[in-house]
Amino acid sequence: MTGAPQTAPSAPTARRVRRSPDARRVRDLLFLVPFGIILIVIMFPVLWMLYSSLRPVQEISQGVTWDTLLADLSLDSYTRLFEATNFGRYLMNSLLVCAVGTVLTVCVAMLAGFALSRFSFRARPAVMLVLVATQLLPFVVLITPVYLVFAELRLLNSFAGLIIVYVAMTTPLSVLLMTGFLNSVPTTLDEAARIDGATTLTVIARVIAPLVWPGVVTVSVTAFIAMWDEFLFAQVFLTSESVKTVQVGIAGLFGEYGTDWGVVMAASVLAALPTIILFSLLQRRLVAGMTAGAVKE
Amino acid sequence: MTTAPSRAVSAQRMRRLQPYLLSAPALAVIALLFLAPSIYNVILALQSLSPYQAPGDGEWVGLENFTALWGDPEFGRAAFNTVFWLTGMTVVLRILAGIGLALALESPVLRRWKLRGFSRTVILLPWMVPQVVAIAAWRWILDGDSGILNQVLSALGLTDGGVPFLALTSTVWWSIVAIIVWRELPFVVMVMVAGLQSIPSEQYEAAAVDGAGRWGLFRSVTLPGLRPVLTIVVLVTVIQTFNNFVYVWLTTGGGPGNYTAVLATELYNAAFFDNELGAGAAIGLVMTAIMAVFAVIYLRMTSAREESR
Amino acid sequence: MRRRTVLAAGLLAAPLAACSGGDTEGDRVFRQFDPADQAAGLLDAVELWNEEHPDYRVSMETLSPNNPQQFAREANAGSGPDIAQLAFTDVSFMAEPRILTPLDAVMEASPAEGADELLATDMTTYEGSMWAVPWTADTMALVYRPDVLERIGVTETPRDWEDLAEIAAKLTRDAGGRVHGFLFPAGAQFSSAQWFPINYHLWAHGSQLIESEGGIWRPGVETGQLVETIEYFDAFFTDGITPTSMQAVTDYGDPSIVGALGDGSCGMTFMPPAAFRAAQSAVDAELLTAPMPAGLEDGTTHLGGRALGINANCAEPEAAWEFVKHLLGPETFETYPQYPASSSTIEQIEVDPSEQGFVEQLPHAASFARYADAPMTIASLQELVNQQFSAVYSGQSSPEQAAGRIIATLEDELEE
């Protein structure tokens, strides 16, 4: 195991042998070089995708030679994407649905997770089982009853319908995760707050949420990506051009007679961007949240 | 405001009701989506119905959809592939690599070099690529004729001529495993990082005072601290991977031959190519049963451990 | 805190407000399933209709890829588009639960241009009625690089399958293995395009996978012939003419095939018209088409394509039929780059000389009606055949084992 956790002791450093900065630098490199190679391996397919979106279509599945590495790169695929589809619109639709859905999921999951983590009530095992069981349904076969329910509620071709489905779809996993995170936080703090007379909701919002902030971020990102990546429900619920999401848009680029892979790659790069931006923003909040929590302690 | 004694009684009742009230929104929204399909799944498994018919037009066939599975040799192979390769292999690799990378991300070295934010974003990148596209990109990378991986391997002198990774029985499962681990690893890393950050630093300090070394810290503080989250992550990744059909479907479609067939692809074939939704639902129920047995055993084991703690 | 609540409420209200009514309200809907960039010409044809018929405006909805089950789901629930593009092979699935409007009456009352010379009506007829009208037609033609063939002195494209194997072998041999004489997608997936040449080969040798006699279905091929066909295609791999990497490819327009056509490392392959045009525009070198081996004999190649159907829930089927007639007419095919599924309409459109292979072969192509309405779906046949052939290429079965398994499965499934 390389590297100790960041929360490792800072006080007992006195016990450690003091090393010269140079020695430490060499030791750091022993960690950084293999780690860097791993990062490159992880990053490579993504960069390859980005690169593919800039290459002429007929070369897209081919390897490269040094002299043609950067030749013929262009934004043609992106131009074609926006000429052929309303991709900007799809992006906005997805952002709206996923943002609202994520906020709702996190709230719902926080409440249920708190119940499962802090109370031992009679129905607890049953609730846990229900949460796990939901992950087992083969929706691909069972989509028709869902369609009929939502048609009856007049929620087809609407964002509201899709948001409800997405919240429901991501809630079980989010609750389970949230329970896990809450279980790893000692109960002493919220019990203290409760003795001070705070209501449960206040305890959750003011004490618990800041403490499990990394968990909240994790659950939001997980839920957001699950929604962002979702295709089955979106395709069945949304047939009208004005409400289509990014995944429906990308699927629409695949044709029986042929697929313009340059356009597909361009669309994917654009589809990945919002998540990357969201994560970078949340990450900053993540660090801020950590320090805020620490100060409170 | 009410008088003191009745307030105490109602507070007690409130306290008893509270977990139910708190879980209510989650359960309500889950019921809306899952209730009808889960009942319908059982009905459908006993029927013969094509995807083009109205749901009410199914013809009752008793247990025929299940007995058909019994004699099917492909079902056995698909079940083995699902349990061993698709689920077992990828989950073990993801958990090990996930914990390792999470520890690396929290390492003081990265902080000293101000590389933490960057590294974390890079590790999460694969997760942000839509599955369909990630698989397409990987298929080109793995292409036997002109794929970039083969170019790199032969440039390094490791192979002689292209290896068609997805066409050979010797390499196809490892290729699928690599794609799954690559794409789904970020989730594990992210949860593990959050788990690490939730471990109070006093615990490390206390253990260090007791003279624990690095390995000792990992075993006595880190691992127990991660356990609540780890329990959930293992459960969730096992179930989700077990049911996943996208990876196999889009990389090989179960091929070469039926070498990489898994239960989820069998389900899809039955429902949408043979036009037998009932047969698909039956496979789904068998899959559910396998996972339910797993979940019950797993939850019992892990909660027993929690109690003994 | 309060401001945040307001913001959250606003975010919630926005999507709810957006849900009332789509942009197609009041219009009839025509749904097609090709990617938008391939349907631009079709949109022009729809707009032309709308200009001339302000009283019956139609909006075109694109839902790709093809998802017939979505149409069925909607139609069974009493909704769905008024007019839908349907793959030939899906029509009988829709006819069986009666979610399309039978067209016999409207077709008789108001015949469409070229309606008496429609191709593939056997795919749109079910239990004696017409449930959709054939609209566009396609088939697979041989696609080749004339310069690569000329380099080894070949001026004529292969006449039969044995000829193809010989020329392909020569192409590879003379180039010292640098050129793949014949490329074909050989993946195990149900969608793998090897399904087409496999059938063409069987048909050219007087067999077919299944056949029906007086409503009784049974395998239509002897084990010996099936083994021969398996060995024929397997030989491309064992002789090194086709690279093993093709066993992981499913699509005729796969970038690896188009790329190989582009850099001259592929001599011959096969494609439908739209894929050929896409390849042409992506590749700098000249590409030509020719009939498939034995493709000028009747019934040795397949006639695929799409039909137009009217939803059983459509309120005014007569008016919808007028729109369908417009799409069937030669005017549409001026902007829509497809071959019409009518032999008289096809004569009225201009075809690029490079597409000669399709034009010559189409009159001889026969639809998959020979496999339709069997107890086993065509998709299941595809899945079975592609998988078993792939098992031989990858060394998991011998040709005899694979042929035996195919026939055993056919017998088993057809018995029901």
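The letters A, B and C name the chains in turn, as written, and every chain counts its residues from 1.
One rule holds for everything that comes next: contacts are C-beta pairs under 8 Å (C-beta built on N, C-alpha and C of every residue); 3 or more make two chains touch, one makes a residue touch a chain.
Note that this is a predicted model, so its numbers are computed, not measured.
Undergrad: By the document's touch definition, which label belongs to this structure's chain graph: line, ring, star, complete, or other?
TA: Per interface graph, the chains form a complete graph.
Undergrad: Could you tell me which chain lies farthest from chain A when each chain's centre is the average position of its Cα atoms?
TA: Farthest chain from chain A, going by C-alpha centroids: C.
Undergrad: Can you tell me which chain pair comes out on top for contact count?
TA: The chain pair sharing the largest number of C-beta contacts is A-B.
Undergrad: List the centre-to-centre spacing of chain A and chain B in whole Å, with centres computed as mean CA coordinates.
TA: Chain centroid spacing, chain A to chain B, equals 14 Å.
Undergrad: How big is the gap, in whole Å, between where the Cα atoms of chain A centre and where those of chain C centre?
TA: The computed centroid separation for chain A versus chain C comes out at 37 Å.
Undergrad: Would you please write down the residue numbers of chain A that are in contact with two or more other chains?
TA: Residues 60-62, 144, 148, 251, 261 of chain A touch two or more partner chains.
Undergrad: Going by the contact rule already set, what residues in chain C reach two or more other chains?
TA: Touching at least two other chains: 77, 255-256, 259.
Undergrad: For chain B, which residues are shared contacts with two or more other chains?
TA: 55, 140, 143, 146-147, in rising order.
Undergrad: Residues of chain A touching chain B in their complex?
TA: Counting only chain A, the residues touching chain B are 1-9, 11-12, 28, 31-32, 35, 38-39, 42-43, 45-46, 48-49, 52, 60-64, 107-109, 111-112, 114-116, 118-119, 121, 123-124, 127-142, 144-146, 148-149, 164-165, 167-169, 171-173, 175-177, 179-181, 183-186, 200, 211-212, 214-215, 217-218, 221-222, 225, 229, 231, 246-247, 250-251, 261, 264-265, 267-268, 271-272, 275-276, 279-280, 283-284, 290.
Undergrad: For the complex, give me every residue of chain B touching chain A.
TA: Answer in residue numbers: 16, 18-20, 22-23, 25-27, 29-30, 32-34, 36-38, 40-41, 44, 55, 100-101, 103-104, 106-113, 115, 117, 119-134, 136-138, 140-141, 143, 146-148, 150-151, 182, 185, 187, 190-191, 193-201, 204-205, 208-209, 214-215, 217-218, 222, 225-226, 228-229, 231-233, 235-236, 239-240, 243, 245, 264, 267-268, 271, 277, 280-281, 283-284, 287-288, 291-292, 295-296, 299.
Undergrad: How about chain B: which of its residues touch chain C in the complex?
TA: Chain B residues touching chain C: 50-55, 57, 139-140, 142-147, 162, 164-169, 252-259, 269, 272-275.
Undergrad: List the residues on chain C that touch chain A in their complex, please.
TA: Answer in residue numbers: 8, 11-12, 14-16, 18-20, 22-24, 31, 33-38, 40, 61-67, 70, 73-74, 77, 79, 81, 87, 138, 251, 253-256, 258-259, 261-263, 272-275, 278-279, 282-283.
Undergrad: So in the complex, the part of chain A that touches chain C is made up of which residues?
TA: 56-62, 80, 83-85, 96-97, 99-100, 103, 143-144, 147-148, 151, 155, 157-161, 163, 235-236, 239-243, 251-261, 263
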